[in-house]
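Take a look at the structure below.
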Amino acid sequence: MNLANMTDYHHFPIYSVMVLFLGAFIIAACGSKPSKDPKNPAGFRAWIALCATALSLFFLGSLVKPVMLEGEIISYWMGSRAIAGGYAIGIAMEVDALSLFFALLIATAVFVSAIYSIRYMVHDECVPQYYVLYCMLAGGVLGLVLSGDIFNMFIMVEILTFAAVALTSFRTKVYGALEAAFKYLVVGCMGSTAILTGVIMLYAQYHTLNLAQLANLIPGTMNNATKLAFAFLYIGFSTKAFIVPFHPLAADAHGAAPASISVLISGVLTKSGIYGIIRLTYFLFQTMNLGSMQFMLVFIGSISMFVCVTMALAQHDFKRLLAYHSISQIGYVLAAVGLSTSLGISAGLYHAMNHTLFKGLLFLAAGAVLHETGTTDLGKLGGLSKKMPHTTVLFLIGAFSISGVPPFNGFASKWMIYQATYQKAVESNNIGFLLVTVIALVTSTLTLASFVKVSQSVFFGQMPKEYENVKEVPFGMRLAMGILACLCIVTGLFPKTVTGVLTEPAARAVANVGEYITAMGFKSNLPAPNVTFAQVGVWEPINWLLILCIALLALTIVAVAGKYDRVSERTEDDTVDTKYQLFYGGEKNVYSQVGGGDLFWGFKHNWRHYFDFMHNLHSGIVNDYALWAVVALALAIVYMMIVL
Amino acid sequence: MTANIFLNGLQYLGYILIFPGFLFCFLCGMLLVGIDRKLVARMQKRVGPPILQPFYDFFKLCGKETIVPAAAERTTFLVAPIVGLAALVVIQLFIPIHGFTAFSGMADIIVILYLLLIPALAAILGAAASGSPYAGIGLSREMVTIIACELPLVLVLLAVAKTVGNALGTGLCFSMSEIAEYQLQNGSLITKLSMIPAAIAFAMVIPGETGSHPFDTAEAETEICEGMHAEYSGAPLAVFKLSHAVKVLTLTSLFVALFFGGIGTGIIAFDGVIVFALCVVATALFISFVHAVTARLKIEQVFKYYWTVVSGLALVSLVLAWYGM
Amino acid sequence: MDFPFVREAVTKLFSKPSCAMYPFQPSEAAPNYRGRIVFHPETCINCNMCERVCAGGAITHTSVKNEDGDDVITRSFDLGSCTFCSTCADFCTRHSIELTQDYHMIGIEEGDLIVSGTFVKKAVKKPAPKPAAPAAAPAAAEKKADTPAVAPKADAPAAEAAPAAPAIEPRGDGKPTQDPSKCIYCTICARKCPGEALTVDRKEKIWKLDEDKCVACGTCADVCPKNAIVI
Amino acid sequence: MFKKLIAESTAKSPWLFHINSGSCNGCDIELVAVLTPRYDVERLGFKLAGSPRQADIVVVTGPVTRQSLDRVLSAISQVPEPRCIVTMGSCPQSGNVFKGSYSVCAPLSKYVHVDVDIAGCAPKPEAIMDGLVKATEILKQKRGQK
């Protein structure tokens, strides 16, 4: 093999996966002796992990041009075994725009989180092993989305599940870490088993494991076994995406895991679930033209977004709150993808990307708070903005993004989702989809409320005495957050470019199943559909920002001319002047931080019966959650049997 | 060529700074608030302050000392009011005045719904940055009020989108300028049966969004010391008062643009006056009158009211619009 | 929801406001309103009754000797400490204190809220001159016990009584003496005495004057139903 | 020009902050009476502010009890300049009938400079208006000096 051959971009998908596994192997081979540097206990192993993730991102990034812009689908057979006798017997990778889209998200999140980990994991033991697991997890997810083979998907699911479980319980001293890992293990294994069962049933029916070939064979030949397999696979990927009814696992897992891992669980693992569901419904079984399937996905998506946002409002812990929001945003993605319109898919994928960016940013900010103060309890924190100004700004960018405040990226994608749902409602003349628009809009406001709660409880308000010596986090951590924040702003300001380069090719790929099948060497008679991404709304973030900037500039000039900034402030030497104390009805030296879980009493009071119900439902017992999984599987089977 | 660009830029700068931007917002918003205060006083059988009182208040506050509490986060505390005001003025630019649409082509009604969050968010962050517990309670209530208003507002806007879309034959229409254009040709939307409950619901939302009686729980000066503005003094407070005035103008003119569009002459100066007169009527009816006859509600009552009565009305409208009435 | 004030609001909007346009149109206080204190020093006898009954401790006096050896007494009322209860005016036997309807009591400079008056209390000459004292009265407005208002009154009964019982001589220092022949020991004088200087026992028929407490105000003589007290 | 505008506006829009330092509530209800339709001090631009940060005129009622002294002083110190302190009723000016009590710290003028005293127990609403108008004049002077 010569160099020119090796640098052929067709090899890049496998490189990007192998580089991560190779990294894991090298780190493991280097032993677990901690380095002497207190700022980087893993020593050079951390740099290996960073290089591996960076290389992986580089490989995937260089695929943007051929795959996204030129529409090529890379099919790659390992060991040059391909199709024999009409059946795919080799291990295949197939990278279409959808795969690459998810792979890019994953690689970005993994890379940023690796930067963050170096300075974040300084207080922990066994950090070298952390990087081993980290690379395994990253490789697993990347392998899952790039694989062209359903059994390989299962294997990757197994790898990532076990790596994720181990990383969840990585901080064994944290209260609840082992419990969370155990819950995740039990339900995650049920999911993996369901996927395996589905794969076995499909193989028994069609004697092939290749996705493209299955996609070619299954539609039109559905029997009860296929439907059963579909239900099993759907539930299996649902557990990976943590959508309702698997959301409690995510909360526990995020709460216990290190923040850098929460980023992966939230931004990467859930995406793998969504990817699985898209592959399943749009490609393998091609059931998305059925109203009943659209209904199912949109319904579950809407339930996820609403239930989880209300659950988030009731949380007292920063990371648990973020975890519920994570599922809520996945609900948006699922609802939009389930619309089965090109705009819907594009919007859903856009939101999936944004979710990775802003949720990663938020988890990293939560990690920064945890790193400096040692707690994420909303009731105990407060006033950190004076000590950690950069973290606060970065957090606010993330919070604005997730709440859909213009011009950040969350708004751009949510706004597309509203249009997509409303257009779907009008096109199908089904008032139910209208309800989804309303739920999505209200959920967005509730999200904002919940992040106002966080900013008030953690970053603003009054600072407890014990945090007086808190410092800003190290540069490495801020850099990681800064990258994500910049991406949040850029993707929000240029929605047209982002959709044009990333999500619309992916949405086109979703619509164009025939090409996916033919690219692998099978014959397909599916026609190439005519895809348009017509929007009814108008939104020009750049022009808006320009006007806002002019307005701000004008105001600032007036303000500065009017000595707006000439304020009375307490000087350093005069510490007792009551003039600069807060007004407490005259009281002196009172500490009173308004924040924590009960901030929105007026809202929660009206919904108290609902919250009581939810509180009782989420018992925290793993048996219950396992039961939910079984019930969900049973319901899915019954539903599939009826409607397909 | 360059001269042309220069002139165009100057024209847009004029839009932003003079009409319908800052100067217009400042004068009309303050006047609206002055009229509102006068009317409330008259309804309570008082003489009331002079109509120019908000201007006096504004200039007085500009001349006061600005105190930044030691517990406050200085930058956010001072920048928040400015950002809120700028965002509000920008929203005002997007709302068409009769046929005149300075920048209305740039944003649709859902975007405006979201842009309306920015001033509230700025106020909330400024309040949070002040560190005061009164501000904490105030911002919590403000946020709940926003949630409460959001549902009816969403339903109303969707109903409008559907109605105009039905009439235009496209199914749905989000664009502000198209809605204005439609009304120019076919008369006000209020003449449609399905839009009447929507207009009532929107009218009920106005006092909630602007934080006037009986929905002013967020700045209840008698119980939580002005709530969000508890620690604000001097010029930043003046900016907040101005923001409130502009918000009154924005919401009433949005109301006029959505439901009473198409009333005008085509001459921009007259149209401005007519729209302003309609805004005054809307303020008088939905802010002053409601203020005069009601007492402040508790925050959970505010929430309940908006999510039952007002949302119900808006939903009726949406369903009517859906079936093409 | 129920809006009970809709009709009122609408009707009020079109009716005349009920404001009293105070700073632009003057407003009278109600009759018997107790406002700013006016002190008439010319009638004051320095009995200090007002000071004793004042709950707020608003009334004070200073006393300075002038070159004649007379006491120059300044009585001041601090409106900033006053409850406007009018007790001082009620107790003032000489009606020197008056609460007017003037309510414009604003203090900006120090002393804006102080009402005061000065008068001279003649030093008592030890060799007491005869009732000639009244003759001095018209001369000065600032006089104490022998003010024109009191003197004739006190004199008249004394003159009437003189033929009947000339035994009782006025003491000359303005303090009272009892005429036992006329006294019926009704105790009115003791009860009315602002200084509680008199002790009267009806059973034992005792009439006793505590000279230290007596301020020579003449109340006892005024109230005596039998004119048994001579001053 | 702006200076003059601001000075004029200062006289036309004085906001009150009311501190009750242990008052019997007599003065307090009279102060509220000033805001009622009968007197309607809002005609002159007065308004009750909820927080000392927004006030121009601080109205103190009550005999400044020992418990409230610190609170009153800290609340007054939190009022931005230019400010004007008005004592209302006899209590804060002298202690009135509570004078000499172990728990009363009046007069207030021992601790801060008081600009206007409104005498009366309780003052008539007209008297309060007189005092407040005087206070606005003082405010304007202070504003002009700046």
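Every chain is named by a letter (A, B, C and D) in the order it is written, and numbering of its residues begins at 1.
We adopt the following convention: a residue touches a chain if its C-beta (ideal position, glycine included) is under 8 Å from a C-beta of that chain, and two chains touch if they have at least 3 such contacts.
These figures come from a predicted structure and were not determined experimentally.
Visitor: Going by CA means, which chain is nearest the middle of everything shown?
Guide: Taking the mean of C-alpha atoms per chain, the most central one is B.
Visitor: Counting C-beta pairs in contact, does C-D beat B-C or the other way around?
Guide: C-D
Visitor: From the centre of subunit D, which other chain's Cα mean sits the farthest off?
Guide: Between subunit D and every other chain, the largest centroid distance is to A.
Visitor: Measuring from the mean C-alpha position of subunit C to the mean C-alpha position of subunit D, what distance in angstrom results?
Guide: About 35 Å separates the centre of subunit C from that of subunit D.
Visitor: Averaging only over C-alpha atoms, locate the centres of subunit B and subunit C and give their separation in whole Å.
Guide: 67
Visitor: I'd like the Å distance between the centres of subunit A and subunit C, where a centre is the mean of that chain's Cα atoms.
Guide: 90
Visitor: Could you put a whole-Å number on the gap between the CA centroids of subunit A and subunit D?
Guide: Chain centres of subunit A and subunit D, defined by C-alpha means, are spaced 58 Å apart.
Visitor: Please list all residues of subunit D that touch 2 or more other chains.
Guide: 37, 40, 43, 51, 53, 78, 80
Visitor: Mind pulling the subunit B residues that touch 2 or more other chains?
Guide: 41, 44-48, 62, 65-67, 134, 225, 230-231, 234
Visitor: Taking each residue of subunit C in turn, which ones touch at least two of the other chains?
Guide: 17-19, 21
Visitor: Can you list every touching chain pair?
Guide: The complete list of chain pairs in contact reads A-B, A-D, B-C, B-D, C-D.
Visitor: Across the complex, what residues on subunit A touch subunit B?
Guide: That would be residues 383, 385-386, 389, 392, 396, 400, 404-406, 411, 415, 418-419, 422-423, 426-427, 431, 434, 437-438, 441-442, 445-446, 448-449, 452-453, 455-456, 459-463, 536-540, 543-544, 547-548, 550-552, 554-556, 559, 562-570, 579-585, 592-595, 599-603, 605-606 of subunit A.
Visitor: Quick one: which bits of subunit C touch subunit B in the complex? Just the residue numbers, please.
Guide: 1, 3-6, 8-10, 12-13, 15, 17-19, 21
Visitor: Show which residues of subunit B lie in contact with subunit A when the two form their complex.
Guide: For this pair, the touching residues of subunit B are 13, 16-17, 21-22, 62, 65-71, 73-76, 78, 82-83, 85-87, 89-90, 93, 103, 105-108, 110-111, 113-115, 117-118, 121, 124-125, 128-134, 136-137, 139-141, 143-144, 146-148, 150-151, 154-155, 158, 161-162, 165, 170-175, 217, 225, 230-231, 234-236, 298-300, 302-304, 307, 318-319, 322.
Visitor: How about subunit D: which of its residues touch subunit B in the complex?
Guide: Listed in rising order, the residues of subunit D that touch subunit B are 2, 5-10, 12-14, 37, 40, 42-43, 45, 48-51, 53-54, 56, 78, 80-82, 143, 146.
Visitor: Taking the touch rule as given, give the residues of subunit D at its contact with subunit C in the complex, in rising order.
Guide: Counting only subunit D, the residues touching subunit C are 37-40, 43-44, 90, 93-97, 99-100, 107, 115-121, 123-127, 129-131, 133-134, 138.
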